[in-house]
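Presented below are the structures under discussion, each in the form of C-alpha cells.
Next come two complexes built around subunit A: one with subunit B, the other with subunit C.
What follows is the complex of A and B.
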C-alpha cells in the first residue's frame, strides 16, 4: 500500500504551491510533498511577471503586451496570455495582502540597491514606496544591518531620476542589536513591542524606534525602512508606526533572507490548508515506479522509503538552486524522473565567458508540451500523467527577464488545474 | 572557467544532496564523520537563520549558519579554534536542518560540535555538567522513581525539595515533574502475557522509549491495541533510551552505549521479520536519522531503513484512513483539539499527519496551531538558565493554543506535551489515543 491522493505535487515553492492550490480549488484531493524550504525565503517578495524582454529591452510597461513577442519555447507562449491572466487573478484572491492587481501596468519599486524595478505585484507593506508616487521620501536604515545603506540608496534613486526628493539616514536600532542579528529577531521585537535596553532603561522596541524616527522626519510624506517590520502581523506593526509618526510607512523589498518572502510562503500554505490540501516537508522524493505513467513515488524519510501514489503528478522542484535540475561534470539532468534536459555536450558551453553574460545554464530545464508535460529527446511526453511547473522548466531566464514569480504562478496554476481535471 | 568553486549560488557544480558524495581526503587525521559536503553546500542564504526559534528571541545567539557550516570552516583553518560556547544555547530543535534549501546537514554538524565542546571544554566537575548528565539520563532516574512511583511523584514536586533542586542543581522550580505511572508499560505487557495476536507476516517491534514506559503507558497500550486490531503481532524487545537527550547535551559516549543495545535488540527483531515503530517522534528520528549520522555500529543502517513513526506506518500499511472516515468518537475524547507538531515530527515530514487523519473523523476536530516551536526541546527548558528563554519561545504556541477552539492539546512528543500543559493548563493527548478511541472500544 501507499499514501494516496488524486494529485501529488512535488516541491513547495511558488510553483508547487500555486499548482497545489489550483488543483485543490478544482476539488481534487491534493497532497504536496517538499524537500526543504523554497527560494521564496530568498526572493524579494515582489511578484515579477515580465520586466524585460529576453533581448534586454525594458523596463516593460505592460508585461502582457510583450507575451506574443516572446520566443516560441517560452512558458508564457505555451500557456497563452489569458491563462497567465487567470493565474494572476488566482494569486490576487489568495495573496490578499498583495497589491498591483488593479492594473496591467508594471509598478516601479525602489530596491535595496537603489535601483527602480518593474514588478507586477507587491506586498501591501511596500505600497507607499512606489516610485511613481511623487511624495518626498525618507529612507532610514539601521547600523547593524549594513545591507541596506539608506543614504547610498537615496543617492542612487536621485541619480535614477525619481520624481521626488529622497533623503537617507542611518540610525541605531533601539537596544543595539549585534551586527548579524537575524531578521526574525527584529521582526519579533517590533511585532511584540518587545523589551530592549535603551540607556539603561527597559523600553518597548517599537516605542523606542518611533522616538528615534520622529526627529528625522522633515516634510516627507512617507518613510521607508528595511523589510523587518513584523512577521505574522506586519500590517499591525505598520499601522502602529504610522499612528505614532503621522506619515505613511513602507518596507523596502529585501535582500535574502527576506521577511516578505517568508510571509508570502506562510500565506500560501495557509490558503492551501484552507482549500483542504495536505502537505509535508523535510524529505526528498528520490525515485518512482512506472513506465508510461508514474504510479508511485518514494520519499526518502531519513533512510526509510515511504511510497506515495496518485493519479496525477506535478513536478515543481525548482531549478539549479531549488535542486530540481542538477548537474555534474558531464551532464545536466532532472534527478527524480530523469526527464530529458537539453544541453550542450561540452561543459564549457554552459557558461558565457563574461560573468554577467548570457549563461545558457540559466535557461536549463525540462521542455514541456502545451499541457506542460515534460518531453523526451524525441519530443513526446515522458509520462502521461506528469506535468512540470516553475523553475524546473527550461525556455526562459527569470533573472534576466524578471519573470521568476510570474512563470512559477502561471505554470503552477495551469499544471495544477489540468492535473485535477484529469484525475477526477 | 576553472574548476574551483565559484562563489555564486548559480554554480551548477554545487554538490547536491541527491547524489552520492565522494568525500575528499583533505583532513586525513580526522577520524570523525565527513562534514565537508555540508559546509561546501552552504551558500549562505540564511534560510536556516530565519527558522531558528532561539535566534528569534536571543540577540546573543549567532544562529545555525554560524553553528554549522561557518564554525566547521573556522575549525579547519585554525588549529587552536575552540567551539563557541553558544552551541549549548542551541535547543536541538532542528528547524534549521528541516529548512535548508541546499540540504546542508545542520543536525549532524550541531551534534558533532556540541559533543566536541562538552568533551573538551566543559569541566566534568561543574554543577551544570552533572545536572545535564542527570537530565540526559532521564531513563535512569525514571527507572528508580518507577519503583516507588507514588513517593517519587510526591517528592519530585514537593516544595522544599524543588527549592533545593533549584538552588543546588539549577532545575527551575516552576516546572512540574512528569508524573510516574503506578504501573509501567512493560509491567503491564508482561502481566498481560505479551502479544495477543500472532502472525507470520505482520510483525512490528515497538520502541516505546522511556516516556511511554514510565509516564504515559496509556499511549503505549493504545499502540498495542491498534496494531493488534489491524492484525499485527507486536514485539516489545529489550531497549534503552533512544539517546535524544544525550545528543542534545553533547554526551555522545552515553548515547552510544544506549544505541548499541538498541541496534542489537531491534535488528534481531528485524531479522524475525518485524519493522520497528516508535510512538515518540524524537525516538523515531534518533533511530532513523541521528544514529547513522553519529555512530558506526553493525546493523545501524538496517535499523534506520526499517524504522517508522507508529502512525505513519499505519497510514502506509493499513486502511486506517478509511476506517477513521467511517468511525466516530464519543465519550471522553469527543473534543476539539489544539494540535502542535513537534519539531522532530516536522523534521520527518510528519507535521500534518494528525490533521490529515482526523479531518473526516466524526465527533472531534483537530486544529493545527501553526509552526511555532514549543520551546522546551527536551531537557533544554529544564535548565534554570534557559527556562525564561524556553517560555519566551513557547509563548507564540501558547497564544495559538488559546486562540484555537480546542481546550485539549494534542501532540506526539512527550516533552512538548509537558510544555503545552505547563503554558496553558490544557490536558494533552497523543494521536494514538484518539485512533484507539475511534476504532476500538
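What follows is the complex of A and C.
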C-alpha cells in the first residue's frame, strides 16, 4: 500500500523546502523526499533575487524593478513581481537569521574570490561585511585554508574599488590541525571553544584565536573571517568573538562545503518540521505511475520500490548540478518523469566558446506554464498535477543573473501553494 | 670560431629541449626560445605513450628498433617521468589472424620482448577488456609524462648553463651575407621568467648556429629564411577519461586505423587517436565526430568506455615530414622517422639545420644525432652523455617511499607528490609551513605549487604542466582561484606578482581549462561544468568582476539596517516594512 499525502515534494534544496513549507502553511499534508545532500552546501548561503539582467546590465540596485523587463519565459515573469515579493516575505519569516528584508535594494557582499556580488538577503553573520558600508575592513585567513587567501582577497577588493580600506592577514589557526581538516572541524572547535594545543598548553580554540586576532587589528571597524564561525550556534560564536575583539565580526562565504548553506538548509528543515511536514532523505525517486496525472512515484530503497502517492506533486530536483536535469551524448532529459527539456540536437550548440559566454546549458530545464506545470513539446502540461520549481526549470541563467535562490524560493513558494490549494 | 660556440635552438618541445640539454652538457653555449610554454606545441598534446616499438613493428621496423632502444634508456634516465604499465596488442574476432602473426614476428625481429597471451589471460590482467577479445601480444609499452620530462630536461640544460626563454616567438631570422646568424624574438612580456603586466619587447639573439626544432612550425621558420620545409601537419584527437579503466596500454592489433589505443596516464586514461592532415598547425577544426569516434570505436575493446566520464578532449598536431619525392596520399603512411635538414647542404644557406618528423619516444636519440651534427659544424668532438646521465628528479629513485609521516601528508597525496617530484621530493616538500592540498583532484600541495611558480613565474599554465594542478575531474573549478592566490604576492627573481598579475593568470588558466572541457560536455562533466560556472559566476561573481572595469556605485546599495540606525538604500520593502530586532 502506498504512502499517501496531499502534496509530495521531490527534492530537498531551497526550492523543495520552500514549496514544502509553503504547502504546509496552506494546511496541506506535505511529505518531502530527497535523495542526496542538496546543492545548498555548494552555494554561498547568500539569497540572490536578481543581480544582473539577461543582457548583463547590472549590478541592479532594485531587482524587482527589472522583473517586468525580463524575457517572457523567465520564471519571474510567469509568477509576476507580487508573487516574488510574497515568496521573499515567507522566506524572511522562516529564515529569521537572514537580513536584508528591510529594503528592496540589493546588498553587495564580498566573495571569497575578492569580488563583490549583489544579493537580496544575507545571513546575519555576513552583515558586517557589506561592501557599501564604508568602515575599514580587516580580513584574516588561515594558512592551511587555501580557499580564502585574505591578502589576495583584500587586494582584489581594492582593485574592485570598494569604498573603504581593506587589509588582509594570514595566521595559523590555533592548534595543530591537519592541513586538510574539514571546515566542520574548525566550526565545531570554535563553537565549543574546544581544546587545542598551543605551545604545549591546552587552550580553548576560540580564546586562542582571539589572542591571535587581537594584535592584528588596527583602526578597522570590522573583521572578516572564512565562514567557519560555528555550526548550530553561529550567532553565539560571533557574539563571543565580538565581545573579546571589540569590533564587528563577519564571515565571508567560501567554497563547498559551505557552512552558511548548511545552516540555511538546517533552518529550513526545522521550519518545515515546525509546520508539520514529514521528510525523508537518502533514497532516490526512480519512477512513477500515471498518464495524464501522476498517481504514484516509487522511491528506491535498497532495491525495494516503495510507492508514494499524492494528490499533487512538486518536482524540485535541481538542475544540471543537482541532477534534476541530466544528459548523455545525444540528449538532455529530466530523469524521473521524462518531462520535455528543450535542447539542440547538436551538443556542440550547448555551450559557448568563452568560459563566461552565453551558455545554453545554463538554461536547460523544463518549461512550465503559469501554474508551473512542465509543458511537453507541444506546449500542453505533461501532467495535471505535477509542478516544477527551482533549478529544474529552464529559461534562465541563474549564474549570470545571480537569481538562483530567488527563483528557487519564488517558484517553490508558488508551486507549493498552488499544489496545496488544489489538493484540498 | 670561438671555443664555446653559441647555439640557438628554436622550439621548447621534447626535441628542442633535448637538444638544448645535450649541447649544454657538451659545454656549448645554448639559448632556447619557445613561442609559448614549454611543450606548447606537439609535445604537450600527445597521449603520453612510451612506445615499446610494437606499434611500428610491421610498418616501420627502423622506428620500432629505435623505440625499444630509447624505451630502455628513458626508463633509466627519466624514471620519475615513466610508469612501466606494460602494453597489449589485443585481437578482436574480426581482426586478421595473419596480421597478428606479422605483429608478433615483427616484434621479435626488432628485439621487442613480446608474449602471446590468451583472451582469458588478457582479461585477467585487464578485467574491463571486452569478453570476445581472442588473444593479445604483451609488450613493454609504458606511460610517460611529457610535461615532467621536458621540464626536467630544461632544468638540466639550465644547470649546464643554458638560457631558456619561453613566451618568446621568433619573429625573424637574422641573415647576413647569406648566412643565418641569429634570430629576432618578441618577448610577450618581460625577458627572463615570464611576467604578466611587464612590457615585453623584441630582442636580437646572435648565435654561431641555429637549430630549428619547431616541429609543426618548422615550415614557418623556414619561410623566414626563404627555404622550403614541407612539414605536413597531421592532427589527432585524444579524449581523457576521469579514471583509469585500464592499467596497461591497450592497442588494437590491426594494420592501421583511427581510435585504436588507450593509454593509462596518472589518474586518467587517454583514448587516441585520429590522423588527418591539416593546413595550419595553429588553426584546424576540432570536431564532435572525432570525440564520438574515440568512444564508439574503443568501446569495442573496453565496453565500459561507452558509459564512462570524459573530462576533456584535446588535439595534437604531428610534424610529419617526408622527403619531397615520396608523396604519400594518406598521412598514416608517412614515416615516423626524423630528418635532419642541413640548410647549407640543401639550400646553400649556412648556419642553420632543421629537424623534422620523429616521435616523442625517440626525442633523446634525435637530440643526440643533431647535437653530433652541430658539433661537427665546429669541428669539435664531444661525447653525448644524455643516455647515461639521469634527469633532475631521476637521480635516485629509491626516494620513492612513504612520505605520509615525514611531511604530514595523507598517504595518497604524499605518494603522488613523490612520484611527480622523484628525487627532488625532499628539496620541495621539506617545509616548516603548513602544506595544504591546493588541487584536490590531483593531490597537489602548496609546496609543489610554490616550487613550480619559482621555476616558471607568473604563468599558471606553466604551473599546471609542472604539477598537474587543475587537470583532474573538476578541471580547475575548485582550485584555479587557489592557484591565483598562491601566485599573489610571491616573489620570483626580484619581481613580486601583484593582484593584477594574479588575476590575469587566473583568467587565462580558467579559459584554457574550459577550452578542452567543451568537448566533454555531457553527463557528469556537464554537471561539473555547471557547478564550476555557478561557483565562479554566482558565488564569486567573476563574470562581472568590478576589478576588470565597470566601476560600481557602492553607495546605491544596501548599507545595512543598523549602520546608521536607519535602513540603508532607497526603498523600504513593500511587504511589511522594516523588521524588528536588529
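Heads up, the rule we're going with is that the second predicted complex is superposed on the first by the 424 of 424 C-alpha atoms of A that agree within 3 Å, B and C clash if a C-alpha of one lies under 4 Å from a C-alpha of the other, contacts with A are read in each partner's own complex, and residues count from 1 in each chain.
Note that in this section a residue touches a chain if its C-beta (ideal position, glycine included) is under 8 Å from a C-beta of that chain, and two chains touch if they have at least 3 such contacts.
What you see is a predicted model; the values in this text were computed from it and never measured.
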Touching partner for A:180 - first (subunit B), second (subunit C), both, neither: both
First (subunit B), second (subunit C), both or neither touched by A:42: both
Partner chain(s) touched by A:304 [first = subunit B, second = subunit C, both, neither]: first
Between subunit B and subunit C, more extensive residue contact with subunit A: C
Which superposed partner A:280 touches (first subunit B, second subunit C, both, neither): first
Partner chain(s) touched by A:334 [first = subunit B, second = subunit C, both, neither]: neither
Touching partner for A:320 - first (subunit B), second (subunit C), both, neither: both
Shared subunit A surface residues [contacts with subunit B and with subunit C]: 42, 178, 180, 256, 320-321, 323, 326-329, 348, 350-351, 359, 361-362
Subunit B residues touching subunit A - in the complex, by the definition given at the top: 1, 9-10, 12-14, 16-19, 45-47, 49-52, 55-57, 59-60, 62-63, 98-103, 285, 288-289, 292, 301, 304-308, 312, 315-319, 346-353, 355-356, 359, 368, 371
List of subunit A residues in touch with subunit C within their complex: 42-44, 48, 51-52, 56, 58-59, 61-62, 85-86, 88-89, 92, 99-108, 111-118, 124, 127-128, 130-134, 143-147, 149, 151-152, 155-156, 158-163, 172, 178-180, 253, 255-256, 319-321, 323, 326-329, 346-348, 350-351, 353-356, 359, 361-362, 398-400, 402, 404
For the subunit C and subunit A complex, residues of the former touching the latter: 288, 292, 295, 408-410, 433-438, 446, 478, 481-482, 484-486, 488-489, 498-500, 502-503, 510-511, 513-514, 518, 521-523, 526-527, 529-531, 533-547, 551-552, 554-561, 563, 567-579, 582
Complex contact set, residues of subunit A against subunit B: 1-3, 33, 35-39, 41-42, 175, 177-178, 180-185, 188, 256-257, 259, 262, 266, 273, 276, 278-284, 286, 299, 301-307, 320-323, 326-329, 332, 335, 348, 350-351, 359, 361-362, 364
